[in-house]
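Here the structure is laid out as structure tokens; the discussion comes afterwards.
By letter and in written order, the chains are A, B and C; residue numbering begins at 1 in each of them.
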Amino acid sequence: MNNLNPDTNREFSVVGKRIPKLDAAQKAMGRAEYIQDIKLPGMLFGKILYSKHAHADIVKIDTSKARALAGVHAVLTGEDVPKKMKMGFYKDNPPIKKGKVCSFRDEVAAVAAISPEIAKKALDLIEIEYEELPGIFDPEKAMEKDSPLVHEYHKSNVLNLPWKLHYGDVEKAEKESDFVVEEKFTTQWVTHCCLGTSGAIALFDSNDNLTIHTNTQIPSLAQKDFLESLKAMGLVNKRVRVIKPIIGGGFGSKLDTYAYEHISILLAYACRKPVKIMFDRVEEFKATSTRQPTVIYIKQGCDKNGKLTFRDMRMVLDNGAYTSWGATTPSVMMMPITSLYRVDNVRFNAKCVYTNNTYSQAMRGYGNPQATFAIESTLDMLAEKAGIGRVDIRRINRNQPGDITPQGFKITSCGISECIDEVEKEFAIDGPKEKGIGTGIASLIHVGGGARIYKSDGCGAILKMDDYGKVDIFTGGTDMGQGLDNITAQIVAEELGLYVEDINVVHTDTDVCPWDVGAHASRSTFVAGNAALGAAKKVKETILEYGSKFLDADPEDLVLRDRAIFVSGDPEKSMPIDKLLRKAHFSPQGKMLMADFFYDPDNENMGKEFKGNMSVTYAFGAHGVKVKVDEETGKVQVLDYVAAHDVGRAINPLLLEGQVYGGVVMGLGYALTEEVVTRNGQNMNANFRDYKLFTAKDAIKIKAPVVETYDEYGPFGAKGIGEPGCVPTAPAIANAIYDAVGVRIFDLPITPEKVLAALKEKKSATTEI
Amino acid sequence: MRLPRFKYLGPETLDQALDLLNTHKDDAKILAGGTDLLVRMKKGLLKPKALISLKALNELSYIKKQDGYIKIGARTPLADIIASDLIQKEARALFQACEKIGAVTIQHYRGTIGGNILQDNRCHHYNQSDFHRSGRQACHKDGGKICYAREEADRCNSTCQSDGATALMALGAGIILAQKGGKRTVDLTDFYTTDGIMPHAMESHELLKEIIIPVQGGQSAYHRLAYRSAIDYPIVCAGVFLKPSQKNEIADARIVVGAMSRSPLFLAQASSSLKGKKLNDTYAFKKAADVSMDSAATFAVHNVGATLEYRCAMVSQMVIQALEQAAAAIKA
Amino acid sequence: MTTNISFLLNGDKISYEIKDHWTLLHLLREEMGLIGTKEGCGNGECGACTVIVDKLAVNSCLYLAIDVDGASIETIEGLASTNGTLHPLQQSFVDKGGIQCGFCSPGMIMSSKALLDENPRANHEQIKHALAGNICRCTGYVQILESVEAARDKGGQNE
């Protein structure tokens, strides 16, 4: 990289420091208010009645008994939902269903009552007559001609989505390849398991303006969704205020608006009182969305030197009965498919298929973990076939700065090579082996500089300073526990020569916070960070202007540090910032120190061919893992883990490591233990005993070396790191298991029984020979 | 999540508790630690009108050695059992089993040994919310006539996943059931029924008072398989007891396999196959483990997550590892 | 049925009229407004509702309120001193990154406190064991375990 950020060599006083989360003390004391904790005067409690079938006609609904129950204020069914009130980008999902249910999580009625108990009792009194229809639960079967249709009006179970690309000539490249591997992989449903369950409180003022308190990662886009709902309800030209309480975990789950939010709006409007809907854990498991399950067909080839020649992938995604962002994950799967390692000829085709299962949403990594599992698993197989070391094949094909990938991604900074070095430092990947113990490696690419998924990838920030040198910054970005507050505060403090405690970050209220497209795509540090930096730079300019006047010095010579303004080279000449601010405010024709900034990165929408530089910069990483496989039980024990990430620059290493550790363990669950078990569309393990998250006792030590490549576009050189930690975990584990005992698992999660079955099969195959 | 309403009864003495039980019978449930009972009540699996709390009955919390038995009060918390030197030394399988139950905060302080061995059977299809179960025909355990775990089964196929019961059965334990004006002692092997609906033979007016483990000079071990290190119920487990003769041969053996069927399975054939074998006879262990697997497989049901095939295969693993541990303990 | 119970809550004597079917969690959160104790599952599977009753960490969602009659209860609200100084464990969780979304934190801290009160020199494995009933989705536990170890190493003192 020649074009280094001039900031690279600067000494920082706040950026790069391990500054604890600003809201951590509040949380440690139990004072943080989550949606669970909010009570409004006169508030009613809403509850939702779900379908008892995966696929059925609703013959009759009788709500009279529920309506007659004392304490019940409103009972709604699909009949009460305005026709145009539909959720999701495909607009196929009304918040309460009418006439027909297509999955077990279908909402069929809702009530508001003076207590949760009465609301529950009212639900029990609603009588519904169903006529069951044949269900379809396998996406590949749902594609067959004579399969029952999930939505008759749609004519086909296959969604009309454009996920298809072909660059170069895959067929020709395959013929010219020396080695080719072809395999099928499958991945399961997993779910976010936010410790704080979902909930919302809606209320209308006397002018029918809506305020909604809700857990969301997309305040501005949620505002738009709710406005559309109001419009559908006949409430035009009304205001929507979204207030975001402290969020008990996001991970993508709050990237769309949900039925419970729209139902709370309908109930609040019907009752003209605040209505709160709060999920219990079973509901959280059954009625929030999952990661998209996939069936993956992959073919990869290389020449005799190990250089990748082509990658050909086809996927079938179980869309479930309705459509949310899960159906757009192929747009991100394309990224590793076309751009993880150098490969010129690539083809991809994905079909999303309606079934009577639950529908999927965004989840940390957004399709990338699924695609990377297949790519990195087959890369090891290819290396073995070609007789090339597993590290070597990765080095041979590694991405490099200046590359433009087949999809048109412009690789600016790229630390994949250094990340592989870090893994090699920990483990001898291709070294000697102990029995039952193996190592695995897998790399990743992810967007690191925003992602232009919508027409805008922007984020606004408004910064104002008071008479005492303190800053309030209103950001469009969302903190859901990952620590965007800190990143914002550290960036602003650094730029203005202040301390983090001088910065108050406000991100909770659309009435005061500017617009943003949401906390997704690991974009917040990069995009919201740059927005904050932009606003700080503008205010700094004004400060320097006044400083120059008050200190009689050239603005070029002024430095902001330690809450004061100095003339460099003349330490005697200085003024505390607060004094300068008061002087600015109180002088004739005084000026307020306030600035706004809208940062929209210079990235591109992908066009029809899915070409375009989706992100300004890309994050890279490599994970290495050592596992021990018990050949008697098939149990896999993770012995050591190293997760090396190219992060541009660590604005806050403490928080960054937290993102990586958390991502890795989420990835380990994906690889080894987690699965939403279903039976004919019904979730069978809606609790923490049977849905197996890692416990503290299962925790492992993880090393998280940070590779700093100082991206020229990142705020102080930083790239995003929210998602990458969970991307290459599953293939690293699968590769390590193969290394340990010679069996490869193609189907996540890699449970002991799958490993044992594979070992048994291998044994019988060897004895037959 | 709120509990349904009930009346709380807090007897001060065992006699009062037995009186209350006698009066309320099926309408009441005994509340010890509540870690199993309250969960089932929240799920709507149980709707007792009254709970009779053992909170005040400290007389039911003890571990002592007396008259050739280790006696454990039914209300003894799991944490006390884990901390007991006596149990660690002379009933090691029970120590190992209790250690594995749930997680410290969840079970060990509140959960009691009585509660653990009386825990209801589980089944993926049955242990669901009220609402989930209301959307389909009732299964046997829910008062209906069908089984979701095994098609066309004419009876309930739930599984007893009690760690404690498996270990205690291996130790040859018995229990004392008290009722108003009397008591009876039952061997654990006779206590568990082969009925998934009512997994044990305790009458509604009876109360589990004490667990007695004969001190017979030997070593026991418990081994279980679960996917995680905590919280999980076992998907297969084994408890074994080995008594050595003076010639360092096995004079008596007991092999019990748990989490496979409606009750822990005492495997007589596998157990007796070890009699007269040397303590280091790994071949005999292997054979006993294989016999265990074959015997247990007949009763196995696919209802707790992992596949049937896998759980059956794991029976022999659990048995062999438990046997080796017990043999090693004797040698030490 | 209602009953009057008395107990110590974070050192204060409390007398409260309760219903038989209330859990301790319900009493603390819904009746007394102490929102620091969280409900993550309601079934004793996640530990978010952990409080200390007579020195033992327990899940308040599976503890009947009536059963705390005469007991001494500690909740997260009682840890910091009245002048606002955080308890050493709270401070460690803040400093070491043990808190992300924070929903599991009160329960996590209470389990840790019960452990260190009983065993001030608990080792890594003992800490993992004691926290096994407290689920966290954000941190992967690494920084949580570091937080508890740091608090242990400070020996109950803030630096």
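Going forward, a contact is a pair of C-beta atoms (placed from the backbone, for glycine too) under 8 Å apart; a residue touches a chain by one contact, two chains touch by 3 or more.
None of these values were measured; they are calculated from a predicted model.
Contact topology of the protein chains: fully connected, every pair of chains touching. Chain pairs A-C and B-C differ in how many C-beta pairs they share in contact, with the greater number at A-C.
Averaging Cα coordinates per chain places chain A and chain B 43 Å apart. Averaged Cα coordinates give chain A a centre that lies 30 Å from the centre of chain C. Each chain gets a centre from the mean of its Cα atoms; for chain B and chain C, those two points are 30 Å apart.
Looking at chain B, one finds that residues 1-2, 103, 229-231 touch two or more other chains. Counting partners per residue, chain A has 280-281, 688-689, 694-697 as the residues that reach two or more other chains. Residues of chain C in contact with two or more other chains: 39, 41-43, 45, 129, 132-134.
Contact residues of chain C toward chain B in the complex are 1, 3, 19-23, 26, 39, 41-45, 47, 50, 56-59, 61-64, 66-67, 111, 129-130, 132-134. Of all residues in chain B, only 1-2, 103, 124-125, 128-129, 131-132, 134-136, 225, 227-233, 305-307, 309-310, 313-314, 317 touch chain A in the complex they form. Per the touch definition, chain B reaches chain C in the complex via residues 1-8, 10, 31, 34-35, 38-39, 42-43, 51, 53, 55, 79, 102-106, 109-110, 229-231. Within the complex formed with chain C, the residues of chain A that make contact are 20-21, 23-34, 36-37, 192-197, 246-251, 280-281, 480-483, 654-655, 657-658, 661-666, 687-689, 693-697, 699, 701-702. Taken together, the chain A residues at the contact with chain B in this complex read 50-53, 104, 116-117, 280-282, 632-635, 673, 677, 682, 684-686, 688-690, 692, 694-698, 751-753, 756-757.
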